[in-house]
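The following pair of complexes shares a single chain, chain A, combined with chain B in the former and chain C in the latter.
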Partner chain A sequence: MNASAAENRSDRLMTLVRRAVDPKGIVLVLLIVILTAIIVLNPSFAEPGSLMRFIQRVAPIAIVAIGQYFVIVSGEFDLSMGAVVTAQVMTAGHLIGEDDTKTGPVLVLMLGIGIIVGIVNGLATTLLKVPSFIVTLGTMLVIHGGVMWWTGGTATGNPAESFRRLGRGGIEGLPVVDLLPYAVLVLIAVIVFAVWISRRPFGQTVVAIGDNARAATFAGANVWRTKTFAFVLSSLSATVAGVLLAGYAGVHPSVGQGYEFTAITAVVLGGVVLGGGRGTVLGALIGAFTLESLFTLLNFTTVPATMRDAIQGAIIIAAVAYSGVIFAKRRKRPSASDIASAPDDATTSARVAEKPMTTSAGTPSSIPLTGGDGADRT
Partner chain B sequence: MRLRLRRLDTTALVYLALLAVLIIAAILVATTGRSLFSPGNIRDILTGMSVLGFVAIGQTLVILGASLDLSVPYVMSLASLVAAQTMNGSDAMVVPAVLLTLVVTAGIGLANGLIVTVLGVHGFVATLGVGLILKGYLDTNYQGTEGSVPWSFQLFGATGIGPVPISTIVMLALAALVAFILVRTAFGHHLFAVGGSSEVARLSGVRQRLPLIGAHIGSSVCAGLAGLLLASRLGVGSPTVGSQGSYDLLSIAAVVLGGTVLMGGRGSIWGTIGGVAIFAVLDNLMSVMQFNPFLKDVIRGLVIIIAVALYARRRVIARRIRFAANAPGPNIATGSAPAPAPAPAPAAAPAPAAETGGRSQ
Partner chain C sequence: MRRGVRTAVAIAGASALIALAGCTTDPSVEPADEGDGGGEESSQEWFDQELYDKQFEERDVVPEGPEDKPYLQMINPEMGETSEFKAEGEKKMCFANASISNPWRQTGWITMNEQLKELKKDGVITEMETRDAQDNDDTQIADIDYFISEGDCDGFIISPNSTAAITPAVERACETDKPVIVFDRGVETDCAVTFIHPIGGFAWGIDTSQFLIDNLSEGDKVVALRILPGVDVLEQRWAAADKLFGEAGIEVVDYFTEGDPAEIKKVVSDELAKGDVQGIWMDAGDGAVSAIEAFEDGGKDYPVMTGEDELSFLRKWKETEMTALAPVYTNFQWRTPLLAAEMIFKGEEVPTEWVLPQSPITAGDLDEYLDRNEGMPDGHYAKFGGEDMSGFPEVWQDRVIP
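What follows is the complex of A and B.
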């Protein structure tokens, strides 16, 4: 109540430490450490121009991770993303060709394909009650096989310049950064949209459904519509990433390969829990940036490029093990005072965990003031 | 008895589906003027079954325990390399090489199991991570095929009794062994219990970690056997042989096609073998009909979704009947050690598990 300024400051420091050891916080710390290491190894990386190029390179993965976030937080998987990226890249290459006038219509067609894939994934998962792992595995085979069958599985000429500009071009002649890639603008737009929608009722409902679909149903949530929309967002994000990659990397059947696992890695790295109900959009975004900056760091060291996968594997295990330990520690507190608390309700028990700490764990006033809730939700 | 009756239910459906696929395939093949059931073709189908069969048996164990194993393709590649390099063309080294391969793969399985149980990492992430680590190791240390397999070991993949290849017989024998372990031993019952609900199993006095660790070891060893078989067929070890066949996702699809629930706790080995057989017949049909390889993927994907959609509808009903019929049964009737565990597990678990599709970490 009458906390002095000094106490207040130490409280604030405690909160900062608490947030830093939080699964999401630790990734941010990791990102900062990696970026610092890159800049130490290669000072020119810190120049605005090369930073912009770095963000341009991360943009497709970050966008895909944001899309995957909505599906994972709803308690499902989307394994079809990589195939969608490949399909969109190949579609662009084959349909646009050298004809600039086709750019617009084909873009619309690609968005349409993305929406349809999402709806099929979502409806098969919710209405046909097939596990999403199997549904999206099936659609992955169908989409990838279908596109390769149609195109013959060969690389073709790159699409028209007006289309590629989105992925590789930018606004030139700016004062500080010199060149502002369109990909960065697209990424910013996607982030703003994702953060906005995750604060809308949809964003709240999708987390609630991922946490406990039955409870959400009783509370009046429409599970099948919400999950289907999450799948649509996911394949739309894969479409956007495909558009950027077609420009940035060119048209090749291997573009997009393995993107689904990279996206899941990034999302999980950002503190989003597989099985749903916990995590934030910004966490997924930070996860994507951390993963890609880690790869950039490896490029500056003598570690062979083939070890990238091994390091990605070790990191993802460590990240999930760490967040598991942290959550387990938090969850133990209430069970000492309140044995009957349900172990399954993740969000509720996390909330319960905050409350007794303020009353019984001996650190009054610091946590409720800063709002532990705010740390967990965007 | 009760167990067997129930299992017949789902498994019977799988074999009915297999029969339907066989009939359709036989008619389609007959239109090209050939026979699906010629000895050569039967051998092709059975050969196609054996590799995926080994992997899927292991995958069934892990999925029954409500985990996953995405590391199998890299375990297979590694196993083929370890075996081929240790043998290096000499007959005397066949037995040591096989034993070494099994030990190495069991070690990987142990690592998977410990990460999943002790560190509490979701099976998807744990095995994806271990798989990536193995992939990094393979890509860094091997540029192409290495080692060589002596003729005596190549016979394992090349010979057969009549139209039935030895490898398929070994695979079916392994399936019988694992099915026996699942139905008759404490380990099997505990695995079902832990897969149904880890928490309820724990409250019933089952050590939740041991069955799951055992399942992961079993899965990796089965993948190792598949790798040995591939090495014997190729004559060399290859760092990409596992990932080329995308055995991780196909084996999961075969297991689910065989009626095992992805959430764990329900399913059978023989269903999985049925699922593998369906895939093998389809593949053979498409090869005989000379389909475009990409079109094969499209059809495989469609079959997976449609078949599982049919099961999923059925399973919702089957589950309810099972509760009504069995809920009071085992508690009173069988007081033996494993019985109490499976009984309460389904009663408490499926409601949230089935709805959310989520597993708590």
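What follows is the complex of A and C.
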């Protein structure tokens, strides 16, 4: 009895260890390690109020990463996100100005811009068959150039406080957290929506298309409509991030610059595979949090300013390389334990054994957190 | 077994990568995070005692020239002969511009075009062809060579993208025996008829750090927000400030933010989470407002701060009544090259090195500059110097980039 309990515990320990070295788990471990390091360096970071402020700051990047997830998992790229963020921030600064009453109409206009950009990206990619890398690079330049031409490179000023409150303010006077930033609420809403939609047929189809568009077509999936919708989700997420950033940071043409690459990095860090077919919303979310806490950690250390980029880059490569090595190995030699851990997914195991090099969308998920939204089980 | 070995290799590789990252940076550019001693060492690479001393003195020189036309004023000028270029008739200038990629350059570019309109009335400079190198050395070299061979130019105006790389192209332009005017950033040749620039980066660094030192006490902490490393005009600002902070016993940490307000806000918020910050120093004013807002959102007292003469900062300064200084990297210098060209074609003497004044906006001048620039967008620069031109103020208010 005693012996079996001990065995049980060691079994559970083994499972935990296996999850930690699992390529999907590694980013979560990395996140926990980084957060712990931040708290050691600066204990006040662990206070609920500071944590809320931290989530508020990560919210725009996390939202953009979730949007980018849908595009990447469908096998495409969206490089226009950063430009959309900039465009939305500048639109807000330029059109709202100090006039509170314009907040509503301009918000609607911004959402409209987001939807149009997504549709253009999606249709050019799917119907005109231009690689999305080129399409979105093009829209990025068009949007950026257009905004610079329209605004002369600078906004008239920051938009009215009523607009900025969304990104800057929050519900005040709460117990424990003191201030609950609106950005945190927006982020939660986006996560709930993204997880929900990834469990809907759309979410399943988009992964299937990313895995094998031909097969998905034969199975009756509408490739162009699904991908276009993914692009619309992506540019809408950039719009929401733009609204938050205009509040958080204010209006400036450099807001949003480089966001497309931050988003792609976060998504890849979160275990989503470039080229599509595998990954989860929550993975992308954790990737974004990991990336941003890495930046914060470096702010808390005394690493010289000139060296920070290099260290960030090295850690990102190391984390992604690690999961790459593990995945490649696993694909070559599916071990007995892998099959045993997913008895309900026998078809997948069979597929892996039969065609070892496939990038299977059905790789059994051994960590419940990332598998929770079901997007990687097509 | 093999699995274990490969994992170990991966981990070893990753840690080597991280170690490597630590080695990629030249140790001589490490900022002064620990103690005073490091302060002087860190920015040594960019520190030039002779230039520092020259600019230190130029700050107090009363410039020569018309009092109401700062863009024609000169500090310690040594006049050069230009009679060889004297010529009748209409002239076409060719302008190789480094870029219009930031609000400072955009503001200047608008002003320059207004200046061109004014000069056309005189019938001397009647045309200007411009090529924008978009921050790229190779493009600018090609632009200059195009002007030399096919531009049909009567004279050249060059705003170099970088110092060393553009030097040979400037020399080739000089060999055409047509007047060459260099402004803003310099080149390593004095073949140009005149080199127009404000006093310089060291003067900026001295003015700003001295202001912070005067308003803070020993042991206070300053966060230095820098755009990016390796640009001489910016590095010189930091080199002078870092030296003076070190000597005064002010603790200072520096960050590169690329002027992105979101990045600035994060950096300042993190610093405030670590401990109190008494001062903010910037090597350029982009994003200054978000640094101030980080103090507001964190519930902290306003810092003593130096930004730039960008209106967003001046307005926030006025609103908060904080203790601040707005150093100036003279934007009105964009008027001077075309005016110099006209003087050269008329055979009038111009200084071989035309040093324009560069005096910061203080609390005393703040209201005056805010009044003068009423209605201008946030990214406009207060000392743009175009108030006496016919397009004022609509052209700068609408900010249509030519």
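Observations, loosely collected:
Just so it is clear, the second predicted complex is superposed on the first by the 315 of 378 C-alpha atoms of A that agree within 3 Å, B and C clash if a C-alpha of one lies under 4 Å from a C-alpha of the other, contacts with A are read in each partner's own complex, and residues count from 1 in each chain.
Heads up, the rule we're going with is that a residue touches a chain if its C-beta (ideal position, glycine included) is under 8 Å from a C-beta of that chain, and two chains touch if they have at least 3 such contacts.
Please read all numbers here as calculations on a predicted model, not as lab measurements.
With the C-alpha superposition on chain A as described, chain C and chain B clash in the combined arrangement. Of the two partner chains placed by superposition, only chain B is touched by A:214; chain C is not.
In the superposition on chain A, A:268 makes contact with chain B only, while chain C stays out of contact range. Touch criterion met: A:248 reaches chain C, while chain B stays clear of it.
By the touch criterion stated above, A:139 is placed in contact with chain B alone, chain C being left untouched. With both structures placed on the common chain, the touch criterion links A:321 to chain B and to chain C. Once the two complexes are laid over each other on the shared chain, residue contacts for A:276 go to chain B alone; chain C is not touched. Contacts of A:131 after superposition: chain B is touched, whereas chain C is not reached.
Contacts of A:311 after superposition: both chain B and chain C are touched.
In the superposed pair of complexes, A:302 makes contact with chain C only, with no contact to chain B.
Overlaying the two complexes on chain A leaves one chain C stretch of 164-172, 254-262 or 272-280 clashing with chain B, which is 164-172.
Residue overlap on chain A between the chain B contacts of one complex and the chain C contacts of the other covers 148-149, 153, 304, 306-308, 310-311, 313-315, 317, 321, 325.
By the touch criterion given at the top, residues 3, 6-7, 10-11, 13-15, 17-18, 20-22, 24-26, 29-31, 33-34, 100, 102-103, 106, 110, 226, 229, 253-256, 258-262, 264-267, 269-271, 273-274, 286-287, 289-290, 293, 297, 312, 315, 377-380, 398-401 of chain C touch chain A in their complex.
The part of chain A that touches chain B in the complex is made up of residues 75-77, 79, 124, 128-135, 137-142, 144-146, 148-149, 153, 209-214, 217, 261, 264-265, 268, 273-277, 304, 306-317, 320-321, 324-325, 327-328, 343-344, 346.
Taken together, the chain B residues at the contact with chain A in this complex read 115, 119-122, 124-126, 128-137, 139-140, 199, 249, 252-253, 256, 262-263, 292, 294-298, 300-302, 304-305, 308-309, 312-313, 316, 351-352, 355-361. Chain contact summary for the complex, chain A toward chain C: residues 21, 42, 44-45, 50, 53, 57, 60, 93, 148-149, 151-158, 168, 245, 248-255, 257, 295-296, 299-300, 302, 304-308, 310-311, 313-315, 317-319, 321-322, 325-326, 329.
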